[in-house]
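Both complexes below contain chain A, partnered by chain B and then by chain C.
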Partner chain A sequence: MTRKEIREHILQIFQKEFEIENPDLDDNLREKHEFDSIDAVELLLQIEKMLGSELTQEEKKQAMDIRTINHICDYVETMAKARGIDVSRD
Partner chain B sequence: MERRVVITACAALTPIGRTKKDILHSLTHGISGIKPLKEDGLLSSHIHSKVFGTIDYPIEYDFKRSFRKTMGPVSFYACQAAGEALEQSGLDQQFITSGRLGVAFGSTHGSPTVQRQIYKTFFSGEEGSVRSIGAVDYLKSMVHTTAVNITKMFGITGRVISSSTACTTSSQSIGFGYEMIRYGMQDAMLCGGADEYDTTTVAVFDNLLACSTAFNTTPHLTPRPFDIRRDGLVVGEGAGALVLEEYERAKKRGAVILGEVIGFACNNNGGDLILPNLRGITETLQIALRDAKVSHQDVDLISAHATGTKMGDIIEAQAIHDVYGNRPPVMGLKSYMGHTMGSCGAIETIIILYLMEEGCIVPTLNLTDVDERCNMINHSMDVRPFNIRLGSVQNFAFGGVNTNILIKKMDG
Partner chain C sequence: MERQRARHGLGLARDFLLTIIIWTYYIISFFVFFSFLYAFRLVFAKNREFSFQRVNAFFFRTFFRVLAILLPRVSWHIGHDVKAIRSSVIIANHLSFLDPILLVSLFPRQKTIVKSRYFAMPVFGWILKRSGYIPAFTHGEDTDILLEQVAKMRQYLSAGGNLFIFPEGTRSRTGKLGTFDKGAFRIARQCGAPLTILSIKGTGNLYPPDSFLFKTGEDMEISVEVVKTIVPDQENGFESISAMIAEAKSALSDRMNLP
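And now, the complex of A and B:
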């Protein structure tokens, strides 16, 4: 898995699940795209599917401060590594 | 402090249309909204009653995803009707978000479609099925989902009342909204109810032998309130929303006033949760008259609950006779669209307003041979010009809950 693949997957999720098209990677999702706490929980379900493994409650709590696509990619990368999935940079 | 409360807007989605013109056309041309029950892959094949009051016309919703994401079908109906009513009311955004506008809106049990999906997922046996229940599923399905989706969509910050008393849900919404304004707690209330297409409700009534089954191949011939051939109710879907407003405020801003709510009654039979109760219902009608400070002789028209069940219609006819004699015409509007459950009180109130403005009354559909046990009242048997100055909307629910709303035509 590469960082680029993670980003593309996340952007696909945003397009399909949240109808947010091509957000800037550093957009504040809450302020600019009305991405709220309900969306965040839905996103975590999608990330679990992406990783093929369940996130712990602690891991989920770590995601609650996420504000941008880049933050989400960082988070997925960290979670992937914690599961022994190799993530290479672009 | 007791203030006057008027209705300044209304909108409905019903099995017989969604605009005033369409609804009146159906009512004055005897057009039924009862259709064959749809196959749902779960309950429909086990249900004896094969009819449903169905909204089968397309509705184009223009809701952003940020609103849609917490809405089940029932909230789509509710928000659509509420939005149309708010727009018609002409209330400005500053007032809508001021905290002086509240919401009284409910449904029978939230969104059964979403609840069904939750259980389907839960019992699928697939790994991780519990986790795949979405975070928003509760928000979509909860009992007060209609009320809070309305507050979210329109930024309403006032009181929230979310009745869930089955057939009296939206008549309670109107009544409680009326009391909020009358006693100065709010200056306006967006009131109503909605219920979506749902075979669970049909199954419940079917098991209680309360559903119509004899007209499965001729849906338009049922339900038949007060008729000798009636064989039960027909469940339906729909939504109704009304804007109630304090009279002086409405007058000052030049609002179109459709009618005035002058009385409301709500009581309980205090006993059996299913059987109709003559004493309880009679008392409801009397309380409403006292609340409105009018005589039974002032009421020109009665919209009866009239579901088409064997006993319910007889008891209601007796109660009407005990209070009103055989003078005011009595209509059973469910004969056109079935029992739209949580929305019926609002829809029937809206129809009274339409008929008031139109200056006519309509017959109870399918009432061709009045059951002699219901024959002591003045049944409306045809379309005819009629000046409705004061109309009564009666609703009674499982649980022994009874309501009665009295609506007055505005002078001038």
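And now, the complex of A and C:
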């Protein structure tokens, strides 16, 4: 898995599930796209599917403060590494 | 002119007096009777969350009965199909502080999304948590509550519970519909639950936003009606969230005769 693949997957999720097309990677999702806590819970479900394993309660709590697509990619990368998935840079 | 001014003054005095009586009843009935009921349910109930929701419904049903006695010029019309709603995500327009407590009074199993600051209030915040209500914005301990409640939502809805949400997020000052938040629609889609749209009329006249006083001197009608139920397609789930929002908003506008 590469960082680029993670980013593309996340952008696909945003397009399909949240109807947010091509957000800027540093957009504040809450302020610019009204991304709320219920959306964040849905995103976590999608990330679990992507990683093929469930996130712990502590890991989910960490995600609730995420604000940008870049932060989400960092988060997924960290979670993937914690599960022994190799993540290479682009 | 003088007579008109005197009549206005008398009207205000009556509004003030009745408002004081209503809120005094509210506070005293809670501390003298309902607080003990909550305590009893806390100790003895098998399913505390459901038990607290039933007490909430009982408390507010009683409150509205007292309101009906004190304000005989107000007529109440609650559709039988409203009271029969189960296992649904319910959305409604929002006109007054009375709306959420009116909906609590109608459903024995009810949850809703509540402004986070209320969760920090003594007594009230504790009841909200025990009743399984959900904080609107999350940080710290609220995050645990949100994650726990969303995880349990599908099971709660299939067991007959209702989740009601005011998608405008705030009371309308003009009677017009504001922008709808996506939360209710997303939860309905996630859980494959029917989305029921209610129209509420008249509460904003009886207890307007930004006013402490009930308006007690006018004939008025308060009604709650089912506008439409959108049932998820078992095969394909719901349509897109924005299409659901557009459908709900249009149905509600039509029912309320809004442009």
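Going forward, the second predicted complex is superposed on the first by the 90 of 90 C-alpha atoms of A that agree within 3 Å, B and C clash if a C-alpha of one lies under 4 Å from a C-alpha of the other, contacts with A are read in each partner's own complex, and residues count from 1 in each chain.
The rule we apply is simple: a residue touches a chain if its C-beta (ideal position, glycine included) is under 8 Å from a C-beta of that chain, and two chains touch if they have at least 3 such contacts.
Computed from a prediction, not measured in an experiment: that's the story for all the values here.
Residue contacts after overlaying the shared chain place A:S88 against neither chain B nor chain C. When the shared chain is aligned, chain B comes close enough to touch A:E54, but chain C does not. When the two complexes are overlaid on their common chain A, residue A:E19 makes contact with chain B and with chain C alike.
Once chain A of one complex is fitted onto chain A of the other, the partner contacts of A:M64 are limited to chain C, with no touch recorded for chain B. Shared-chain residue A:V41: touches chain B and chain C both. Ranking chain B and chain C by residues of chain A touched puts C first. Annotation: chain A residues 18-19, 34, 36, 38-39, 41-42, 45 touch chain B in one complex and chain C in the other. Every residue of chain A that touches chain C in the complex is listed here, in rising order: 18-19, 34, 36-39, 41-42, 45, 57, 60-61, 64-65.
Looking at the complex, you find that chain A touches chain B at residues 18-19, 34, 36, 38-39, 41-42, 45, 48, 54.
Here chain B touches chain A in the complex through residues 64-66, 69-70, 128, 131-132, 134-136, 139, going by the rule given at the top. Considering their complex, residues 136-139, 143-144, 146-147, 150, 181-183, 186-187, 190, 240-242 of chain C touch chain A.
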